[in-house]
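Order of writing sets the chain letters: A, B, C, D and E. Residues in each chain are counted from 1.
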Amino acid sequence: MSWQVIQQALPLFRKAFVLTLELSAIGVVLATILGLVIALLREYKVPVLSQICATFEELLRNTPLLIQLFFLYYGFPSIGLKLSAQACAIIGISLLGAAYMSGAFRGGFSGIPTIQVESAKALGLSPLQMVRHVTLPQGLTRSVPAVAANAIFLVKETSVFTVIAVPELTNTARDLIGMYYRTDEYLLMLVVAYAIILIPLSVVLTLLERRVRRGTFGD
Amino acid sequence: ACGGSSSSDGAASSQQGQTVEQIKKAGTIRIATFGDLPPYGYVKNDGTRAGYDVALGNQVAKDLGVKVDWVQVNADGRVDALKSDKVDLVLANFTVTDERKQVVDFASPYMKVSIGVVSPDKAKITSADQLKGKTLAVTKGTTAETFFTQNYPDVNLQKFDSKTQQFQAFKDGRADALADDNTYLYAWAKDNKGYTVGIKTLGEESTISPAVKKGNKSLLDWTNKEIKTLTEQGFFEKAYQSELAPSFTSDIKPEDVIIK
Amino acid sequence: MADSNNDEILLSVQHLKKAYGDHEVLKDISFDVPRGKVFVLLGPSGSGKSTLIRCLNGLETIQGGTISFKGKPIDGSEKTWRKLRTEIGMVFQSYDLFPNLTVAQNILLGPTKVQKRPKAEVEQQMDKLLADVQLSEYKNAYPRELSGGQKQRIAIVRALTMNPELMLFDEVTASLDPEMVREVLELMLGLAEHHMTMIVVTHEMEFARRVADTVLFLENGVILERQSGHDFFANPETDRAKAFLESMAPISDEE
Amino acid sequence: MADSNNDEILLSVQHLKKAYGDHEVLKDISFDVPRGKVFVLLGPSGSGKSTLIRCLNGLETIQGGTISFKGKPIDGSEKTWRKLRTEIGMVFQSYDLFPNLTVAQNILLGPTKVQKRPKAEVEQQMDKLLADVQLSEYKNAYPRELSGGQKQRIAIVRALTMNPELMLFDEVTASLDPEMVREVLELMLGLAEHHMTMIVVTHEMEFARRVADTVLFLENGVILERQSGHDFFANPETDRAKAFLESMAPISDEE
Amino acid sequence: MLAADSGWTILFTGDNLTRLLGGLWTSVSVAGLALVFGIPLGVVLGALRIMHNPVLRAVLRLYLEFFRIIPTLVILFLFYYILPREMGVQVDGETIAVVAFGLWVAAEISDVVRGALISVPEHQVDAGKALGMNGLQLLWYVRLPQSVNLMVPATINLAARVIMTTSLLLLISVIDVVTVGQQIMEANRMAHPDSAFWVYGFVFLLYFIVCWPLAMIARALEKRAKERNNG
């Protein structure tokens, strides 16, 4: 272990760290929004669209991100569609994330007791009013744990971007190892970098989860 | 190719790698090579390996009287394959550099090489200075990557895991040029119309050698002798004609590549 | 409860049929509920009481027969039911307050969003009703801060704030601790005294006896017996009703 | 239940204290249960009845005081309790049969696996007990095929097959449909008549009155009143007990 | 695009199809072995995690959190670079992957098992205790049988995830299905310049064909478990 090696690599790691953060943030936000839309389309069985969304979800959830990225990055140009590596990365993680987030949201919605829907009906609420005042707020609250777990999963998945030459953390570490052969130092830095992102994130999400649950359901 | 972990006797071997004796006793030699780099190391449609490096490896095994257990690596995996005892010998277009000498032992060279740059005819790059601010595709762990990182920090490097990915991305127009060993570029440019090796040599000319684990004197000595014998027997000349020549344009001569 | 003679029929059920798949749960049910009267549905578990009361609020689609409200047959469309539900209040066994809203928000939701009544007016009515049930202090509490009995009383207030003409109650005390049963039953007794039209499913026999103008005894999806409250408890006609009443009596009578 | 004079004290509780964190749930509880007697614990919700009865079976660790069984103080270790639990049977409010085992497997589990008694002998005993409660035909049924009342009766049989010297019951009829309460209570009355020593938490006042040799009235973790069953119901000493009895009485007495 | 000379034909040239399937088999067998080692270990760890020993629980929790926090790819690299050197033995990529994935599986399963075990209602455990059962008897007669129907679907889902994660094997020099695909693309780069679309597309499909049925089975079992719990 050499401190000097670590110091020299710091600027590069810092840049990679920021990029990983950016890509993760964009990915998680887009995935959440898109996932919610898909979940609502499926929950309310919007014709055609809900079937398309279901197929999309199954396809993405049951194939590895790495292959999805290869397909987007190397495969699509041969049929005339060329996207930059970062664009592929963002599209890949957002779509994959959306498929997972949709599942999380649908899980949240389906956890709402039927009695809640029935008492909303008994008050004469229209379907839209019911979504707005009853099912959406309760469903979102119930989704929080699964959404949080997915967010962490997505941040971790950004490591796969290494395969399409996006200079995020994993790519940078492997690159340095390949050039200077200081495996221990670079691996340590890599692990620490992910720990710095993910430990606070998982702590915050756990707290949020607890608060939301206590807030709404009192347990 | 589930590389058999023919793990053999004890601590001695794991410190310096397997000796020639141990390899002979085991009956197989494990050689690292590329799988996606025609005409040096690649896999044919029938699943068999072929190429210049592969031909050398087969000869080595024949002379040792053992079978080959091929381990496919990417450029950045070559050192670790040795370090972590996954292979006995690397025959994967391994350019000799000072950094690498500190972590592995190189045998006598069997090929000459230098960094080259290929670019589209439409926007031909003929000098390294033209690359400033442009995007250059390289493979991780190659001399080209190290060379540009150290000498031309203004060039945007796009770093890929494997040759396939590097060339594919370049062909998709994701980079302005691609740098790698000139020898592959000749072959690639011949296969791909519309591309020229605009810079034939950059930096110092280097050599390509077999590599063994640091301290594996037994195998190192044997390999040095083997290279000498094979050179004398004209093996490399023959291998050049059968493996490389068909892939190269006619302006490349055997003496550009092989060591006499 | 004195018989009133201006017998307007508020709700009329004719030949109602309801099946889940092949399983016929309600078979040819007919009865009329005059305005101001209290009907109590009794019957063993599984006899179809909940299903019947849910049909009366459009929560279940029916397979046959007609339900008429204020003389008009209901066409069964979701839209019609949605309008009617503002006139027919319902309270369920399980606490059905919305956990994400405060007591006041729970109560105001229907009147302001569905009935589009002015908020100030509804708030005034709410305050009065909350005061009646002695729960004014919980106006800004969330349901999780209330006991079961308090929750059920709020659920009743919520339904009442819609100014319904008919109230449906499905075993509203069944999940309550014994000590909380009374506070809810007393609230319902009060409603009956104020001539609210109600259909009540309950297992509390003493309460049923006091409150029922008419008892409908259901078994196997059929109305087996239909009597005034007093007569039913004093003198059940069928053996099944007799056995049922016995099974519900406290264990002491054996001594 | 006639007083018996050979007053062996089966269970003795002295100065028992139990707290959850800072919250003292039981404060200095003392009482002796003679063999063959039935003690009924009464008290409002949250007064500590369940906690107390769980302490008597070692399901809660206590913070002070001693519990002695058959004259020997219990050291409180899990191992000691494990041995004692084969002599102290317990039945809970929630149906606690193992859903993955048949009725027979449920009953045989404790005697054969824990007490290591020969299977044939236990089966004979089980058959007799099942016949007593008229549930022989359900021997190979799974709990999900039984009604709530049947489940609770099997749970009692399961506890009895261990040949306990003391039985603890915690509101065993509270989750039952009203029609099923009676069949369980009758089984318990039968046990009392056969001089099983029992400690019973219940909300069924009539049953309590009939079965109790002694009533302990708990409030806030303290035994507020301790009387013979007959006296407690006829003439409660404290105002709290009076109020409690009133709140549990059927709603009719207001008429 | 579906012309006879288009890229898709290389999938069926020579031994390419069997080679691709062979690569997939490598991936699936690595996943399979990792599950075979990881699941029993995970069950034991999960059972230990519901015990009251705080040190043991903290250690096991830390073990789980490590695998939760660090991306699987990074874990794979850690093992790839460090394991052979430290162990002083020759290990190939497959073995490393089996060990790394196996420990990961154990971590995840330990959480599945723990979650399932504590989801068994407390009153069931109390009922077991009231019959005088000891810790092991409670585990064996009460907790495990009542929670397997929760564990099985979660385990199948995990299996699908492990199979998908084997796509990373490419990065530690295992000849997996992607590597074979790249070999094919290189060998045919002159005749079929558009092969990337077809080869990667085909690999995508292969993964889907393996993982989707697993997901469907898991979902069906989950639904059944839920229905059984309610009924």
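Basically, a residue touches a chain if its C-beta (ideal position, glycine included) is under 8 Å from a C-beta of that chain, and two chains touch if they have at least 3 such contacts.
What you see is a predicted model, and the numbers here were worked out from it, not measured in a lab.
Q: From chain C, what is the lowest number of touch steps before chain E is reached?
A: The distance in steps between these two chains is 2.
Q: Using only Cα atoms to place each chain's centre, name the chain farthest from chain E.
A: Chain centre farthest from chain E's centre: C.
Q: CA centre of chain A versus CA centre of chain D: separation in Å?
A: 52
Q: For chain B versus chain C, what separation do you get between their C-alpha means, in angstrom?
A: Taking the average C-alpha coordinate of chain B and of chain C, the gap between them is 84 Å.
Q: Counting only Cα atoms for the centres, state how far chain C is from chain D in Å.
A: Using C-alpha averages as centres, the distance is 36 Å.
Q: Whole-Å distance, chain B centre to chain D centre, using C-alpha means?
A: The separation of the two C-alpha centroids amounts to 81 Å.
Q: Residues of chain B that contact two or more other chains, please.
A: Counting only residues that touch two or more other chains, chain B contributes 80, 161, 165, 168.
Q: For chain A, what residues touch not just one other chain but two or more?
A: Residues 74, 77-78, 162-163, 174, 177, 183.
Q: Could you list each pair of chains that touch one another?
A: Per the contact definition above, the touching pairs are A-B, A-C, A-E, B-E, C-D, D-E.
Q: Spell out the part of chain C that touches chain A in their complex, as residue ranges.
A: So the residues of chain C touching chain A come out as 57-59, 82-83, 85-86, 89-90, 92, 94, 96-101, 109-110, 113-115, 142, 144-145, 155, 158-159, 162.
Q: Touching residues of chain A toward chain B in the complex: what are they?
A: 73-74, 77-78, 82, 84-85, 162-165, 167, 171, 174-175, 177-181, 183
Q: With touch defined as at the start, can you tell me which chain B residues reach chain E in the complex?
A: Those residues of chain B that touch chain E are 1-8, 11, 14-15, 35-38, 42-47, 71-74, 77, 80-81, 83-86, 161-165, 167-168, 171, 191-192.
Q: Applying the document's contact rule, which stretches of chain D touch chain C when the two form their complex?
A: For chain D paired with chain C, touching residues are 44-45, 177-179, 181-182, 185-186, 189, 203-207, 209-210, 244, 247-248, 250-252, 255.
Q: Which chain E residues qualify as touching chain D in the complex?
A: 121, 123-124, 126-134, 137, 141-142, 145-146, 231
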